[in-house]
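Below, each structure is written out as structure tokens.
What follows is chain A paired twice: with chain B in the first complex and chain C in the second.
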Partner chain A sequence: MKRQALTATLIAYAFLAPALVLMGLFTFYPVFYGSYLGFTDYTVADLASGEGPRWVGLKNLQFVLSDPLFQTGILNSLKYLLVVPLLQIASLAVAVLVNQKLPLMAFFRVGYYIPVVTSISLAAVMWEWIFQKEGFLNWSLQLLNLINAEGRFNWLLNEHTALWAIMLVTFWRGFGYYMVLYLAGLQSIPAELEEAATLDGATAWQRFWLIIVPLMRPTLLLCSLLSTIAAIRVLEEIIVFTGGSGGPLNSTYTALLYVYNKSWGNMLNANFGVAGAAGLLIALVGFALSYINFRLTREERGER
Partner chain B sequence: MLKRWLTASVLALSLSALAQTQIEFWTYYLSPNFDNYIKSTIADFEKENPTIKVRWVDKQDTMERDLTAAVALGKAPDVVNLWQDSTFAAAQNKILTPITQLVNRNVLNQLYYPNVLDMFVMDGQVYGLPWYGWLDQGVMMYNPDLLQKAGVDVRTIRNTDDLLAASARIKQATGAYGWLPPVKDPNGASFLGRFFLEGLPVYDKDGKAAFNSPAHVALLQKYVDAMKNDVIPQELLRKEAFQLSNELYSQGKAAIVVGAPTTLNRVKEANPDLYAKTRIASAPLGKAGIQTGGAMSLVVPRASKNQSAAIRFALFVTNRTNQVKFANVVPIVSTAAGSENDPGLKAKSNDPLEIGKGMNSASGRLINPGFKPPKNTDDIYKNFNDNVEAAFLGRKTAKQALDDAVAFWNANAK
Partner chain C sequence: MSPVQTQEAARMRAKAALRKGLRISLSYALMLVILGFAIFPFLWTLAISITDKQASGISIYDFPKSLFPPAVTLGNFFEVITKLNLGKYFLNSVIITALTVVGTLVVSALAAYPLARLQFPGRGLIFGAIVATLVLPTEIAFIVNVLTLRDLGLLGTYAGVVLPIIATAFGIFLMRQAYLAIPGTLMEAARIDGASELQILWRVMIPLSVPSLTALGIFTLVGTWNAFFWPSVALLTNDDLLPMSVAILKLKGQFNYDVFNVAAGAMIMMIPVLVVFFLAQRFFMRGLEGAVKG
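Here is the complex of A and B:
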């Protein structure tokens, strides 16, 4: 019996092995090596002359923490987190709507999902057109009499709006993805529960808050965790919309852009030590936020 | 018997391996458009040098990354196509073999225009062989309809001040922009180029940054005002002037493009009618009366295992015959000395593109690389651009922006 169990375990590991090896090679090893580099002095010149990293302790961390550009980056990345609750609320709400058995629902589900599979470079062309001075956004605001012709401006060239404009694109891109996850969660809720509640006279609002939301908590946790991590690591959108400059006036310069520009972005001048240290700090922020996420859901579970 | 036979075959095999040196050649964004040219040049080279085989790889966005990675992995390519900033960065980080260790400097001086060769000199050593070049100002291409509508006579546009004045009139009369000057391109520090073109120094005689005199401030202010009045589009702060000019000109929303005549290839594709109408004149210059420009380089990494074959190939690709051939495929500026008199570079018809090519390709001796970039380039240029942007967005006065940029520059240039 014991032997059988052992065999079963071994077989399980054998199945896991290919994935584990690949992850070890391409995920865990880079993570550990990158973290190690954060404590070393290691530049392209060292790399080219075959010299290894030199241990410098906390020097890089001190440098990064005192670099105003990194501070700006962290601040902007934290602002970016505001997209998380909005994204979650909206995608859950829409998931509930498209979960109805009404005509054309498949069409809407596909429609909401299209941005997820649209290439960002392509989407950027459309969004740039929306955000420009003579663009759709200003045109709509003018139509609603919220601004006049003199009040029009390019949303990507104003340091007060650029980050929000790019956040809107992230929202648009992520929305369909989370909607599908919520939809899957919703479809796993037994229909009898809702029917029973309806018979007991619960309103749609009560059914949503008292049945759907509590049963969806695991999905909510997963989605908010995923989108928190995605928000703190945002890079693609920034590079596409600002050419990697994080402008105007560094208002869209995020923490990960700092890492990128210290390494891959300027490869022939790369400073892997500084990039590693900055990456480590961002990972710490990510860990802290994940912990808060878990903590919040666990407490709520305890209350029930 | 068998043993002898075996020894002989092994010997023969290793001899043929010795005789055949394979080198790897990396270009930057040349495939697929110039496949034929590159392949035929390689074929010509291999014919002349039967012992050397060239493997060609075209790198694009990931060039710098791949080069660093290949060097680190011990699989360095032998000849690589870089540009001025990247040649400097690679040389500073000891990735490159000084060309002067492989070829005598006097030979190089005879083969290439000295102004271009000098672009790749760092600490007294040449680090790259000049390959194809370009002129930033190149020629002036214009939409005659828009100019006529605004009552602008092209003959009155002789310098950059005239260009700005004409742009204001064109904008007012037609709603289209005139000229789109580079003021803050994402790579490099474009506005320093504006100073240079107007004859204002970037450095003082001790090599310190000194671009905050009243004349510098006044020049920046002139462009800031132009943007404030929408004579030049604010979008120039976000997009490369070259890209934006292309887009707007093809749509009939900009009247003038100053730059390489290759720009017209895109116009030809996007708007053939406008292409047919487009007229060409020589480029108006700044007060300094010079054309700035640049050139690609061919470098040999220190980690290359076949340096003599590599340099032989690099010299072949960059020689006058091959650069002139290249110029006939696409209007690059040849950087090989003597190209201005090469019969291969005379215009062959009245097509605007043909005339532009003729005026352009033979003008390598006019390429002025401007000023030497400072060390610690990335940080310093970023700070400079941030300050210029702050001035354009009205968050700093022109004076404050330049004072701040100079202070940062002098504190951080290693």
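Here is the complex of A and C:
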């Protein structure tokens, strides 16, 4: 009997082995070793000469915290969080719109989802043309008489608009995804509730804010959590739109871009200690935000 | 009912019908505007990619003409393949995606089985560890993973891109969920017939989990085909193996790049994803929620 149990255990671990080895090597080990690197001095020159990391304690953390570039990065990443409420409310509104029992709704839903399955690099190719000085955005604005020919500028090369332009692309790639999650949630709202409100003379605007938003709060908070974590870790968007420079004038330089540019994004000057320390700090900010969000979600669940 | 009342009722009904009609028209108008926002970039890029640049000599910023090219050609597609070597990058994308999909399916299907159906010491711990990967600060993982690949001699190889991304909590939980839905009596019957665990997995569990395997395969396919960051880092030292998602930006980064060719390249990269998406849209439109709950 004991032998049999041992065999069963061995079989179980044999099945798990590929996953455990790969996760151990490429998910757990890098987090622990990367955290360790944050307290050491370890540059690409050390790597080339075969020298190991040297323990320096809190030196890197001090350096990173006092580095104006990292402070800019944190500020810009926090600014990026502004996309979260806009994206969530818009996605919920779109979900309500395509949740009506009308013809062609499936067609619109599929259309809205296409940006979600678009690579960020393709998004960058296409949207860069839109944001050009002679691009489609300025042409449309001119058509609407919002700007004149002299007022045109490249949205990605202006330090006041670049980050917003990139946020618009995040919004574009995200609203279809969250729409689908909200559609699932909307199924649970009884139709009678809305009908009753309509009979009582509530406008669509009132029904949205007074019935749908409060009833959808659990889903709203879950989606906000997902969206917040993604926003604070924004990096790919910045690399594809600015080539990793974070320009113009560092106006799109985000916190994780700092980590990237201190390591493999700028290989010849890589300093893995500084990159690791910055990564740890960002992880802490991420944890704090997740915790706040989680607490909000849990209170909400307890209430209902 | 008096004639006056009937008239009044008819007017009310007409008014209600009018309001309803107005509401529906407004809904459609709004949905069309949003659809334009969602797909305009593709339409414009498509228009650029089929513009005959020799014949028309137009700028892509010559609106609204550039949205409706006067002369159409497939020349840009041939040019981007022959002159800019896009075929090579396309093949790299195919290889990296195929390896990742197969790897993810095998690793997830295997690992999920004991977690769903076997009792063994350490089960809870392993389960917890896999859940933990969802909250680990992966921000710093890429720094170390490149160092690890270098030590293993895998930096700049297909294996180096693929191996770190095939074991995921998402895949394992998706498959575990599928196995849990299979009646235990089927397993018992197979055991009594003397089937080994591997045979049970292969002959009973896998055939009954085809929908989940398909879903996992499709999500992995689209995700890997589109992935930009990790392949760009893992192939830092070897431009020859870059997938299209990374290569297209390199093409565009060249000084004086040809807009029409890049647009054609973008379309070549987008079309396979669109085909898969349209064929498998129900997997996407159902949402990932059910899958992630674990």
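The working rule: the second predicted complex is superposed on the first by the 240 of 304 C-alpha atoms of A that agree within 3 Å, B and C clash if a C-alpha of one lies under 4 Å from a C-alpha of the other, contacts with A are read in each partner's own complex, and residues count from 1 in each chain.
As a convention for this text, a contact is a pair of C-beta atoms (placed from the backbone, for glycine too) under 8 Å apart; a residue touches a chain by one contact, two chains touch by 3 or more.
Everything numeric here is computed off the predicted structure, so don't read it as measured data.
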After the chain A overlay, clash or fit between chain B and chain C?
clash
Which of chain B and chain C A:L215 touches, first, second, both or neither:
neither
Which of chain B and chain C A:L81 touches, first, second, both or neither:
neither
In this superposed model, does chain C or chain B come into contact with more residues of chain A?
C
Is A:I147 in contact with chain B, with chain C, with both, or with neither (first, second, both, neither)?
neither
Where does A:I11 make contact in the superposed view: on chain B (first), on chain C (second), on both, or on neither?
second
Touch test for A:L102: chain B only (first), chain C only (second), both, or neither?
second
Which partner chains sit in contact with A:L25 here, chain B, chain C, both or neither? Use first/second/both/neither.
second
Counting only touches as set out at the top, which of chain B and chain C does A:G243 meet: first, second, both, neither?
both
Report for A:E134: first if it touches chain B alone, second if chain C alone, otherwise both or neither.
second
For A:A48, using the defined touch cut-off, is the partner it touches chain B, chain C, both, or neither? Pick first, second, both or neither.
first
Clash with chain C, by chain B stretch, listed 237-245, 345-353 or 381-389
237-245
Note: overlapping chain A surface for chain B and chain C spans 47, 132, 243, 264, 267
Within the complex, which stretch of chain C touches chain A?
23-24, 27-28, 30-31, 34-35, 37-42, 44-45, 48, 59-61, 63, 106-108, 110-111, 113-115, 118-123, 126, 129-130, 133, 135-148, 163-167, 172, 197, 201, 222, 225-229, 232-233, 236, 245-246, 248-249, 252-253, 259, 262-263, 266, 269-270, 273-274, 277-278, 281, 284-289
Chain B contact footprint on chain A (complex, rising order)
43-45, 47-49, 132-133, 154, 156-157, 159, 242-245, 247-250, 261, 264, 266-270
Write out the stretch or stretches of chain B touching chain A in their complex.
64-65, 67-68, 71-72, 86, 89-90, 92-95, 186, 234-235, 237-240, 302-303, 377-378, 382, 385-386, 389-390, 393, 395
Residues on chain A engaged by chain C in the complex (per definition of touch):
8-9, 11-13, 15-16, 18-20, 22-23, 25-31, 33-35, 37-38, 47, 94, 97-98, 100, 102, 106, 108-130, 132, 134-136, 139, 172, 176, 180-181, 183-184, 204, 233, 235-236, 239-240, 243, 256, 259, 263-264, 267, 272, 275-276, 279-280, 282-283, 286-287, 290
